[in-house]
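The following blocks contain the structures, represented as structure tokens.
Both complexes below contain subunit A, partnered by subunit B and then by subunit C.
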Partner chain A sequence: MLFNSLSFVLFLIIVLTLYYSKLFKWTGKKRMLLLSSYIFYGMWNPPLVILLWISTIVDWTAGKRLAVEDNQKKRKMWLLLSMFVNLGFLAFFKYGDFLLENFVVVMNSIGIDFQAKPMDIILPMGISFYTFQTMSYTIDMYKRKIEPARTFLDFALYVTFFPQLVAGPIVRAKDLITQFYEEKKATTNQFIWGLFLLTIGLFQKVVMADTLLAGTSDAVFGSSKLLHGVDAWVGTIAFSGQIFFDFAGYSTCAIGIALMLGIILPDNFRYPYASLGFSDLWKRWHISLSSWLKDYLYIPLGGNRHGITRMYVALMLTMLIGGLWHGAAWTFMVWGGLHGTYLILERLQRKYLPFKITKWNGIFLAFITFSCVNITWVFFRAREFETAWNMIKSMFYMQTDGVKILDTFTIIKVTTVIAIMFLCHWVMRNTSMKDVSLKTSPYVLGVVWAIMTFLIIIAQGSGEQFIYFQF
Partner chain B sequence: MNLKKSLTITIIISIIGIILWEFFWRKQGKYADFDGNEALWATQRAKVEKANPKDVVLIGSSRVLFNVQLNEWEKETSIRPIQLAIPGSTPLPVFHDLVNNTNFKGTILVGVTPGLFFSTVSKEKRPWRWSQSMVDYYHEQTYAQRMNHQLSIPLQKSLAFISEKKGVDGINLKELIGHIKIGNRVKNDEPPFPSFSDIDIDRNVKMKAKTSKDTSFANIIKRVWNNKSTDTTPPKNIDKKGVLEFFKKDTKTFINRGGNLILLRSPSTGYFRNKENNFFSRPEYWDELLEEINVKGYHFEDYEKFKNLDCPEWSHLSATDAQFFTTELVKILKTDGALSI
Partner chain C sequence: MNLNKSFILAIVLALAGLICWEIFWRSKPEFYKAVLEDDRYLWAEHRAEVEKATKEDIILLGSSRTGFNFNTHVWNKVQGIKPINLATNGKPPGPFLNDIVYNTTFNGTLVIGVSPLFWFDVAENNRWQPANQWINHYHNQTYAQKLGYFLSKPFERNLVMLTSSELEFYNDLDLKSLINRVTISGRIEDDRMLYNFSYHDEDRNLMMLPIMKTDPEFAKKITYVFDGFLPSIPGFEAIKDEMPGIIDYYKNVIELFKARGGKIIFIRHKVEEPWNKVTKRFLPREKVWDVFVREVNCPAYHFEDYQFMSKYTLPDWSHMYVDDAKTYTRDMVNKLIEDGYLKKL
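Up next is the complex of A and B:
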């Protein structure tokens, strides 16, 4: 079910009515939320709910055993079981065809004539999110960082909680399970603020991403022609805006919906396009994934504890795997690799060419960072290397005879939207929406909110899927 | 922060805004109607799963959609046909789907618009892609999509501004923004293509009265048809051999299981008639198709009452003529024993 759909509106009204009715006690409400979450997921493809059940049962059992087991070997076995099942799901459903395809290439390259039909496996929605979320539970249990979930219901709800089930934020057990232990009820202000966040999220998705930007990026990246530099740049910045509004929109909706239930989810975005460098970017973009990768991959790989070379290797590996997490394609690896390279270069710069960031050079640095990020988006969005390379060539004017496919108004529209987005991120980088709204008159806030609601309704949207669902 | 106050203001302004927006579009001549999208097609396709041998399914391109009127057909036979025709496309993927993915053994009426019917069996080409996308949507439709469609029906029925229409008729935010043009950086020689039909909840399509009454409006549509070629320009896609082979195979399976297949060649005039005569001559296409397939076929030229029907924009009948055409066609089919009832 998509947040930007009529079925979700009905679903949410029913869930909220039942949640705030006096029909159930807290356990009953949690059961209702769990059942609703399965319905939410099953409305897309019912049989794939089984994967959620398997993941839940395996990690619940592993967590329980890890809580009482002292034998280190056995503890490791339980951890490995959890990893095997979750990563096995990912390997099969997400990377099956990719692995097969590359196996065929390797076989053919060493002279063995081997052909394989693609398996055409359906990708379960949100599989990368819920598997990472449940794995964090067993890993934390293994490291004895957290207490086991008190009941199976609490744990199942943690794995399946519908607002963040299919596209995050990837919430840690300590941050969410504990909230299920005592009855939660949003205060009036929390409820209204949740509704406001839901509106903002939908506005970002329906109006900004789908209405204003998606068409341009689709046209540019879908073009088989070698494009003019202006078209390539405009298509790329349109995608950078689209993916931000799409994904941040989803996260904002998720946080808002959870808040309407009295549950607090962590921020996933903090105005990332005003980042001052790439370390800053990863503290602001998809925060729940980057912190997951840091805690469960970068640090176990050695982090910065074993010298500079090892740190750079760990950094690069983390970013490459982070790239692959997004999709089963080499273009995603290149995207991750570019970010890894940026991070390494940034550390080298800090060591050999340090300079102070002031309010005068800050916006310039933010713009440089944003521009470099845009280059990485080319590889993220392009389906094939050929497209990506053509785009890069066009962007840097190595393509002199590029075709113009965007009209003047589209160019003005996209550049204006992206410029406003960049400036908003810059202005907001050290504050939050909550702080700004506290300083805003309720009348102004009401009018802004109404304009967003009105634009969402007249945009209608054709129920476009969120980009991150495919990851 | 007084959020209650903000929420109240939001609700009031949003409601007023939406009411004004609806009034504005109604004042501009828009009215509440249905979107002829894949979800609507899927609801009709679903009916085939429960259809019995007396039922009739209509497939083809826009000529079947415009010219065969469901109300008139029902009046004559007490059976309301299932309308699955898709504009601008070949009916082969839909026929293939009905033959291979259902047990339907009633009547399938296939509209033969030569330029589309004989165009292609290539999945990459547009006439095939459009049809196939509908079939795929039906088979891949999620429960959420079905529910969204059902929930959208009362809204589509009552609000004029709820519309998926694209191009000059588009009134959602994306389309409205798309109407703004500055300069001529990109050459666009596509003439505007206004909608000239209305669709009902069961995909019964009628030509808008304006098309038959307002010559200048009909001329706008005509400009779309002959924008890129003249009636002497050969069509881009013709694959008679491939189409006949493909269609013959599915026809055999359908007839063998007791199905009844009827072919229909609807009237055309002007540019289309000339083009069809120039490149799809009757003996080489229609007659050969009937000979190969060996089922009943009805060509408008064979009936005096259909010969002089006029298509206001060369390809489709006006609503009144379509009603006449349907009534008379069903009478002919009945007299001929062509319907399996």
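Up next is the complex of A and C:
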């Protein structure tokens, strides 16, 4: 079910009515939330709910055993079982065709004539999100960092909680399961603030991403021609804005909906396009994934504990795997590799060319970071290397004889939207929406809210899927 | 933070804005009517009827000419059967024929309106993509989508401001279309944007807006778009080598359908000279249409052969006005009954 659909509006009204009715006690409410979450997921493809059940049962069992087992070998076996099942699902459903394709290429390259039909496997929506979330539970249990979930219901609800099930934020067990132990009820202010966040999230998705930017990025990246430099840049920055508004929009909706239920989810974005460098970027963009990768991949790979070379290797491996997490294609690996390279270069710069960031050079540095990030988006968005390479050629050779496909108004529209977005991120980088709203007159807030609502409705979004659902 | 105040103000202002917006667009009834959108959802509802259709049933396939020129209510009155209308505005019928032949057991009658530029086209090219998206939507639609569509119906039926289309007409009312009305000329050749000049009912009959007859200037906005691309359509040489393959492709599909007892009737609807001239240049009748009809061995009606098919004047050169479509449908169905291809119930 999509947040930007009428079916979700009805679903949410029913869930909230049942949640705040006196029909159920807290356990009953949690059961209702669990059932609602399965319905939320099953309305897309009912049989795939079985995968959620398997993940839940395996990790609940593994977690329970890890809580009582002292034998290190057996503990490791339980952890491996959990990882085998979760990563096995990912490998089969998400990377099955990709692995097969590459196997065929390798076979053919060594002279063995081997052909295989693509398996055409359905990618279960949000599989990368919920498998990472549930895996974090067993890993933390293995490291004895957390207590086991008190009941199966609490754990199942943690794995399946509908606001963040299909596109995050990826929440850690200690941050979410414990919230299910005692009855939660949003205060009036929390409820209305949650509704406001839901409106902002929908505005970002429906108006900013789908209405203002998606058409331009689709046209540019869908073109098979060598484009004029301006068109290539405008298409790239349009995608840069689209993916931010799309994904941050989803996270904002998720946080808002959870808040309406009295549940607090962590921030997933903190104005990332005003980042000062790439370490800063990854503390601001898809925070729940980057912190997951840091805790469960970068640090276990050695982190910065074993010298500089090992640290760079760990950094690069983490980013490459982070790239692959997004999709089964080499273009995503390149995207991850570029980010890994940026992070290494940044560390080298800090060591050999340190300089102080002031308020004067800050915005310039943020702009440089944003521009470098835009280059990586080319590989993220292009489905083939040829498209990506053509785009890069156009962007850097500034092809003046390339084909022009964008009209003047589109160029002005996209550059204006992106400039405003960048400046907003810069202004907001050290504050939060909540802080700003506290300083804003309730009337101004009401007018802004009304305008957003009006625009969402007249945009008549056709229920476009969120980009991150495919990851 | 006084969120209560903000919340109430937001509701009041948003509602007031939406009411004004709706009133404004309602004041333009010559262009806009509150109807259920003729989109993939409505099409899928009609497509679902094919699953329980019998040998007596009729399915209409084709593009906009079939949508405008045939009226299923008139058809029902004359023959006693209401056809299942699967004609699609702006999409080639080839993929839909494939869908009926390969994905159903239907063995009744298919009446296919042929717009040559759409029909005699290399199969599975880019223009087939939007049609295939509709077919995939029918086969793969989720429960969430079905519920969403069910919930959207009363809004679409009653609110003019929800006028929009996947064909992205210049005068659609969704925010994206409204923004795209702004143009600054100079950088690339300006697109000639097509205005929507029809409305439809829930049986998917397309009806030309009265303004097409009453305001020649508005009709000119449509012909201006056709005028933009018709001259660029090449001569027969450009497609000559591919034509035998295209005809063979259809022949195979049609033979499969006929082998299970199905019947197909082809109709070439009238077009005015600016269209006809180009069609004849690209797809000369004797080299394409006549060969095709002979090869597939199906009854076929060409507007140049029948006075009742060619007697109307088409305001936009390509589609019939709503009143003409009714008499045209009546005459066509009577002719098909007279020739023994349809049975009157």
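What we mean here is this: the second predicted complex is superposed on the first by the 468 of 471 C-alpha atoms of A that agree within 3 Å, B and C clash if a C-alpha of one lies under 4 Å from a C-alpha of the other, contacts with A are read in each partner's own complex, and residues count from 1 in each chain.
The working rule: a residue touches a chain if its C-beta (ideal position, glycine included) is under 8 Å from a C-beta of that chain, and two chains touch if they have at least 3 such contacts.
Since the structure is predicted, the reported quantities are computational estimates derived from the model, not experimental observations.
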Problem set entry | Room on subunit A for both subunit B and subunit C (clash or fit) | clash
For this session: Pick one for A:387: touches subunit B only (first), subunit C only (second), both, or neither.
Result: neither
Exercise. Of the two partner chains, subunit B (first) and subunit C (second), which one does A:275 touch, if any: first, second, both, or neither?
Worked result: neither
Seminar exercise, completed: Check: subunit A residues flagged as touching subunit B and also subunit C 1-2, 5-8, 10, 42-46, 188-189, 192-193, 195-196, 207, 210-212, 215, 404-409, 411-413, 437-438, 442-443, 445-447, 449-451, 453-455, 457-460, 462-463
Seminar exercise, completed: Given the complex, residues on subunit A that touch subunit C span 1-2, 5-10, 42-46, 188-189, 192-193, 195-196, 207, 210-212, 215, 404-409, 411-413, 437-438, 442-443, 445-447, 449-451, 453-455, 457-460, 462-463
For this session: Give every residue of subunit A touching subunit B within the complex, in rising order.
Result: 1-2, 5-8, 10, 42-46, 188-189, 192-193, 195-196, 207, 210-212, 215, 404-409, 411-413, 437-438, 440, 442-443, 445-447, 449-451, 453-455, 457-460, 462-463
Exercise. In their complex, what parts of subunit C are in touch with subunit A?
Worked result: 1-14, 17-18, 21, 142-145, 147-148, 151-152, 161-162, 164, 166, 173-176, 178-179, 182-188, 190-191
Exercise. Hey, which residues of subunit B end up touching subunit A in the complex?
Worked result: 1-14, 17-18, 21, 142-145, 147-148, 151-152, 155, 161-164, 172-174, 177-178, 180-186, 188
